[in-house]
Amino acid sequence: MADSLLSYIALAMILFSIGFLGVISRKNIFIVYMSIELMLNAINLIFISLGRYYETMVPQVMAMIIIAIAAAEAAVFLSLIVVLYRRKKSLDSDIFTVLSQKDAHE
Amino acid sequence: MDFGILSVIIFLPMFVAFSMLILPVGAKGTRNAAFLTAIIIFILVCMVYYNFQLSGYMQFREHHRWISTYGINYSLGIDGFSLIILMLIATLIPSAYLWLWDGRTKGYWVSMLLIQTGITGTLFSQDLILFYFFWEGMLLPVFMIIGMFGTGNRVFSTIKITVYTIMGSLFMLISILYLGVAFFYEFGSWSFALNDIVQITTLSRTEELWLFAGFMIAFAIKIPLFPFHTWLLETYSNSPTGGVFLLSSIMAKLGVYGIVRFVMPIFPDLYKEFAPYFVWIGIFGLIYFGIAALMQTNIKKMFAYSSASHLGFIVTGIFTLNVYGMTGAAFLIIAHAMATGGLFLLVGKMEYNLGIKAIPALGGIAKKAPVFTVFFGIMLLCIVGLPGTNGFVSEFLIILGTFGFSPSAGVVSALTVLIAASFMFWMFQRAILADNGNDVSQMKDLNFKEIVGMLPLAFLIIAMGVYPDWFFYKIEPTIQHYLVDILEIRNY
Amino acid sequence: MNNFLLAWIVLIPLLSSMTLGLMYLFSIKVIKIPNIVFTVLGLSSPFLSFMIGFSFFLQMIGNHEIFLYKAYRWLSVDGYDIDMGFMADKLSIFMVLFITFVGGLIHIYASGYMKTDKGYGKFFFYFNLFLASMLLLVLADSPIIMFIGWEGVGVCSYFLISYYYEDTKNVQAGNKAFIANRVGDLGFIIAMITMIYYVGSNGFDYINLEAGMQNVPINVLTFIGSALFVGAIGKSAQIPLFVWLPDAMAGPTPVSALIHAATMVTAGVYMVARFHFLYDLIPNVGLIIAYVGAFSALFAAIIATKQTDIKKILAYSTMSQLGYMFIAVGLGGYSVGIFHVFTHAFFKALLFMGAGAVIVALHHEQNIFKMGGMRSKTPIVYFAMLIATLAITGIPPFAGFFSKDEILLTAFSSGEYLIWGIGVLTAILTAYYMFRLLFVVFHGKNYQESRKLHTISKSMIMPLIVLAFGSIVAGFIGIPEILGGNNLVGSWLNDWKNSSLHVEHSREFILMGINILAAVIGTYVAYKKFFNYDMAIVPKYNGIIWKKFYIDEIYDRFIVKKVKEVSIFISYKVDVNFIDMIVMGLSRGFIKSGHFISKVQNANTRFYAFFMLVGISVISTYLIMVMR
Amino acid sequence: MNMPDFIYILPLFFVGVGAISLMILSTFKTITIKKGSVITLLFLLFAFFANVYNLNNEDGVYSIYPFVDIFNKMIIVDTFSGYFSTILILGAILTILIGLHYFQKHKGFTVEFFSLFLFSVFGMMLLVHSNELISAFVSLEIASISLYVMIGFEKVIDKRIEASYRYLVLGSLAGLFFLLGTSFIYAATQTTTLGEIGNMALNTVDSNTPLLIIGGTMILITFLFKIAAFPFQNWALDVYDGAPLPVTAYIAATFKAAIFGFILRLVVVDFDLIIDVWDKILVYIIIFTLAYGSFLAIIQKSLKRMLVASSIVHTGYLLIAFVSISVIGESAASSIIFYLVAYFLSALGAFGLIAYISSADQLRITYDDFRGFAKIRPYMAAMLSIFMLSLAGIPSTIGFIGKFYIFTGAIESGHSILAVVGIIATFISVYYYFKLIAVMYFYRSSEMTDVPPLQGIAPLIIGVIALFIIWGGVGNTLIAYFPGVDFLIDMAKSSYESLFLYG
Amino acid sequence: MVDIVFIVLALFAIFGGLGMILFAQPIYCALSLIVCLVALGGIFALLSAPFLFMVQIILYAGAIITLLLFIIMFLNIKDVNLPDEPNKVTTIFVGAALLIPFNILILKAFSTLPNKPMHILGKDFGSIHSFGIELFRGWLVPFELISILLLAALVGAVVYARKGSVDG
């Protein structure tokens, strides 16, 4: 089982799907963020398994770059969460509806 | 005529308009400049008329490259059919300016000048894209003039006419593009020139039908043919005098012109095939709008319906596929432009003086303004198609042509003599003649300028009615050319 | 040849009218021009035209020359030419003569009648224009040029009827006249166009048409003939398009005299006579014409017996007399018809002018039962009216007798006894209502003595006398051979003389006797009832005849109102609620969809992500299907 | 280090250095907004001139991998990228010039903003220069992250941070698909370098095509998200509306261009074989995009939201040309490029002018606020009208020519139905664009004293843009020896050619 | 043996992920995520990527998630501040259903790749040495770009984190 590329891909896709489900189902912005991180890791898993599959280091480098990108996003995301929480006193992403068409300035 | 006389005719008004916009000139200065421009153009057009050869082919051609990637050219030319409309424009516009002389702002005059550019450009274009260019461009100043200087619910009617006509012309654009592509696929190079487009042979019937529809919708909306007419009422009743004058007397005719200039040569077979339907649509419009006009209380709306009614008749004429009908239509274009244009100017004055458009609120004008009434009467008789005016000649020829096309249609189309008479005379009775006890003391009779402005129209209406042949001989070769060379009808 | 003078017959009144019109405008806008200028201009033109016409008449005596003059090519389309051409044959010259003569007299009368009117110049502008149109009508060499005159006559009548345009009723009457005429014109145009297609391949003047008519299918000819006759019906106020004529009396009395008696309404008769070559080929249509004429005659006479408005009585009598004329032309007696046109012009003009004089004298009172006793007040008018009444009644030797007698003779000899019978019946009624009018107006007693009469000017009296004289003698030019005459009209117009018009002398005498008898009966009844009528009683009429058989109401109800309803339906219902609804509905639909779609735009991040997921899911499904 | 290679990356270098130096400078109190913007402009101008210098290559069309041994073909400099860089730099310059007034008036902006601004320009430019998927993604991230922050820069305003948050979450989510796609493409071809992907795909036609297609599709999803195509469009309205006006102008005008710059390269060079698979999907996507944008735009009362919603419609038009690429590569690609220029000018002008007008206070937001505007500020109203006309595609503006190319291409490639749908969308667009003109010209104003008068450089710049729009639409019909519309489309064509120099 | 390790790690990863999206308290979620990430790190090791295994543990589990936890603590979110999430499970199921075609598609595509043995490779593969050589030989550009990305993110984070003048 661990010999098959497909099982790694399947695992990655499951994790990716879980991450996606987290984004669409959770209101808590922390968890939204974490879901995105999870998805990034799932992609990393694909890359690394491909590296193993083709026996080349290139995908591992890519995975490294992706981790770095995740770090950069984390910096912005987390600081934004702080700003949001300060202003709204809530982590509920559903209450950020200033921009909805319903409330658009008439 | 090597200096590009047609270009000068097109762009002189635009040039003047933009100069006036930039220069710190007041309304009066702009008006003088506009009038001078109109006179210069009249002189230029007379030169064109004088030098026009009696053949059915394009003359005064101008040709420059424009967007060479797609073979789009700046290509101009006129034939007899354009010539008469050109003469019409050149004659009508100075007259109209004399009528609009006082109390208009700078923007008004600039818009008028720009409209003139659009109209003449549309008239001369021999390249489909160029044509579309002017066709749409014409709309903008119209949009401005109605919206800025109109009355009533002007914004709504402005948006309505704009959206309506743009809808039509966009379908035409698609058709034009399709034709260009078809030309490209057949001949391997791009061109949108009319002369090239007519050579396309690869279109299937279904394609042709769609393209034909695309063109026809655009023109039908502009004309307007039933059932694309609902923009007409609000627009005509809410437009300022100058706008509605140009709309009714010239722009509506450009729809007819478009059919003759483009639809006929590009789709000769479909043109022939669908001629019966359009003859009947025209006749139906004639009767439908005529009856609708009867009970209108708003005088401008009534004229709108009357105009639509006659335009239906013109369309009938151009689809009769014989010389009578088509020359008649060409003649009616002139006759109707003069009469309706004149009427709208007169009504505009009435509105300007009295501020009312409702027929029941008028009456007793004749006593107050006899000269006004005389001219009103002449225009009215022309609309009614009284012999001795050019209205009769054209109606007679169209009925003749329609009869030649189909006797039953001919007989039905003859109803025009009855319909127009009933609503026009009834209106004349209620609005002008009879004294209904309304206060019309503000009504002023025509002043000298207005009389001078109206005289050419009245004179031409009668002169063309009494001696029509004098005006015919320039058109006829073109119509013959259309029928024989383009539609390939030899025995009709 | 000086054929170009033909054009001048028309041109003189036309130019005169144009000058008058411009001068009138000038006079109201700038400087007042004295009436005398208008008078001179207005009155000179008919007489100048008469002179020219007379010169042609003289040239024509004794030979059958037809004068043609083509002024210019009016229209040339596709090699097909229509010229602005004038043609004078015996018929047209005959018409020209009496039109200009009677017209001229009416002009003189009008100069008196309209003296105080503010629009004096305008009136003569219309009058001359009318004259020009009428002359063009009769002098035209092709139907289309005739049509120009035909319509010109119509529009002039419109302007003259609605001359006092401040009053809505007058303008309405004008409209009614014009529209009714237009219905007729519709027929005329259709006929004309059919003719161009089927007959006019060589040219469109009468000569070519006559030549071309021979080998055209009979049903086409029938169609043309019927359509043309519709035109004649409209112009000559026959059933069913007569409704305008009584209303047309709204115009000034000279107008009624000129247009609705002497000239315009006879155009229909003239037209049928002009197209005799057509109607000769289609006797069935001729018969219809005769019947329409007969019924119109009777119908109008019946209505006239109960009217109280002096001018309306005369209007119905006009219609009735026109019916006679159509009987004649319908049955092929073209010369007879024209003869009656001729005599009728005299006595009917006289009647109207007399009535006008009375009306003026009584300060525009038109109800005969409010007049009375005018014999002593206005004796000249009385005698003029008496002569005219005798003439119309058909008492020999006045003008009407001869022409009416010939008509009835024609009817009888053609074997159409029903028409003849109707004719006789109408003659009785004619005598009755005309004498009723005469007796009530001039003999009625107990009238308001104290009334001060308006003076009648000399220029109004003079034409009365001339016409009265004419009414007496006009008939003599057509005295039938049986009475020792040589029927000048018949021989003059012998081209149109119906060859079948020969009956035995004895029978002709009997018929003549019957006619006279009919006139006497009518007169007697009227005498019994109305001589020395008590003017204190203004009778209130009721009933179907007084209401003119409700024809106006029927038209109003079933045509005018319906058309108006349709118009409202179209312009306020169909256009607004249906066609515009579609257009506006489309735009409203766009906006509605916009609002619907904007629900998606709810600013919910999770929802947006979900939306993306749906998209991805759909794309994936598609790819699965595509890639197998 | 050989000089020629360095010259090629000089534009990138200037922008990048500018970003970093501004970051450092922002710590000094003495650097005001105005000074910051001048410095930004300076760097951008350097970059611009360097770029123009590159574009005026004596060879005409060129294509170079600078420092090929170090950069490993990951960066490419060719006419195509040069053309797009010009658009981007020009967009940035214009944004700064137009928005300066706005930035000065609003308290929330600091010099860091310009640093981020230059970072985003850098990211976008890098994106059109990238020749490799991972670098492209990193470039995209640089641009995106800078934009996230630029949008939320005025963090005292709820709107801004919400927009920032929404863009961040959804943008990252969409970005993941790019990475996913890259991994699949790598799995299929064992390379992520553009050009080689195509070659590999050619060599292994059968076996790995599904992976390649799915990889391409995933990248396409990101691409569709970034240009706000249906069904990935919801963010656009919120984010653009939430962003400060100059930023909105900037994103609307340039970001789309950058994305297209990359995706065109990718599709044209590498996905030639598989592009047909998407045709059907794209047709539906286009129809829905056009419908969605049109219907949304028609109900907007706020001018900004209308322009944003209509930008979705313009995305639809661009996609129409994008679909045509599979059939008529050259003209479709060049029509996209041309349309991008047309839209760039019109949108930048429109947003910029509105930004300028409403910079003092938030008074002019909705249509109704513009009542009688023409009476107060005739020139501004005229300019705004020109932008609206151009967006609506009325002849004599560059927008018309752009639409002309796109619809011609659509018909040429057999997608007539798309042309018809596009035309219908255009027709609807007339309504909401003309409404503004109507409102400005046809009403009397009530009170109208708060509009900033024409001063400073912004109106001048906007005026120049307006003239350029007219020039682009009319071309050389009036002036015989002046470059016409042809010039732009020829440029577009040669930049397309440069994509194939290394076959 | 390797199979068992893989299965165990995969289960840990999956349950960690599920826990992350199912727990209400962010702190539990974060911990679940750490479990998941560590398990993933193990799988990296299985895939002959020892360097990345290390990076995963240190950088993710160590740095990023710690930062996350720190912020969670720092904000001191009380239960009342937590959003009420009634439709969570429904959404998850609907979303899962929608994700099925996506997953099927991808797995189908990968199944076209030929099967190859995936046992752990020799020492050199995935080591920091070979990793470094690949990174600096072939991937210098993205690497440098990452630094610029981080700079940009840094500026962004500074902008956000700095207390605004009218912040509140």
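Odds and ends about this structure:
Note that the chains are named A, B, C, D and E in the order they appear, and that numbering of residues resets to 1 at the start of each chain.
In this section, a residue touches a chain if its C-beta (ideal position, glycine included) is under 8 Å from a C-beta of that chain, and two chains touch if they have at least 3 such contacts.
Owing to the predicted nature of the structure, the values given are computational and were not obtained by experimental measurement.
Any chain bridging subunit A and subunit E, meaning touching each of them, is among C, D; the list is complete.
In summary, the chains found to touch both subunit B and subunit C are D. Ranked by how close its C-alpha mean sits to the mean of all protein C-alpha atoms, the top chain is B. Interface comparison, C-E versus A-C: the pair with the greater number of contacting C-beta pairs is A-C.
In this assembly, C is the chain whose CA centroid lies farthest from the centroid of subunit A.
Averaging Cα atoms per chain gives one point for each, and the point farthest from that of subunit B is the centre of E. Note on chain placement: the centre of subunit B and the centre of subunit E lie 72 Å apart, centres being C-alpha means.
Our note on geometry: subunit D versus subunit E, Cα centroid distance of 32 Å, whole angstroms.
If each chain is reduced to the centroid of its CA atoms, subunit B and subunit D end up 43 Å from each other. Chain geometry summary: the mean Cα position of subunit A and that of subunit D are 27 Å apart. For subunit B, residues that reach two or more other chains under the stated contact definition are 163.
Touching of two or more other chains is recorded for residues 587, 598, 601, 603, 605-606, 609-610, 613-614, 616, 623, 627 of subunit C. Touching two or more other chains at once are residues 91, 95, 99, 102, 105-106, 108-110, 113, 138-139, 142, 146, 149, 152-153, 156, 160, 167 of subunit E. Screening every pair of chains for touch gives A-C, A-D, A-E, B-C, B-D, C-D, C-E, D-E. For subunit E in complex with subunit D, the touching residues are 105-106, 108-110, 112-113, 137-142, 145-146, 148-149, 151-153, 155-156, 158-160, 164-167.
Residues 2-3, 5-7, 10, 13-14, 17-18, 20-21, 26, 29-30, 33, 36-37, 40, 43-44, 46-49, 51-52, 55-56, 59-60, 63-64, 67-68, 71-72, 74-75, 77, 81-85, 87-89, 91-92, 95-96, 99, 102-103, 106-107, 110-111, 113, 115-119, 121, 125-126, 130-131, 133-135, 138-139, 142-143, 146, 149-150, 152-154, 156-157, 160-161, 167-168 of subunit E are the ones touching subunit A in the complex.
Chain contact summary for the complex, subunit B toward subunit C: residues 163-164, 227, 229-231, 233, 288, 291-296, 305, 322-324, 327, 364, 366-367, 370-371, 374, 381, 386-388, 392-393, 396-397, 399-400, 403-404, 407, 410-411, 414-415, 417-418, 421-422, 425-426, 429-430, 433-436, 445, 467-469, 472-473, 476, 480. Interface residues of subunit A, counted against subunit D in their complex, comprise 16, 20, 23, 29, 32, 36, 39-40, 43, 46-47, 50, 53-54, 56, 58-59, 62, 65-66, 69, 72-73, 76-77, 80, 83-84, 87, 93, 96, 98-101, 104-106. Within the complex formed with subunit C, the subunit A residues making contact are 20, 23-27, 32, 93-94, 96-103.
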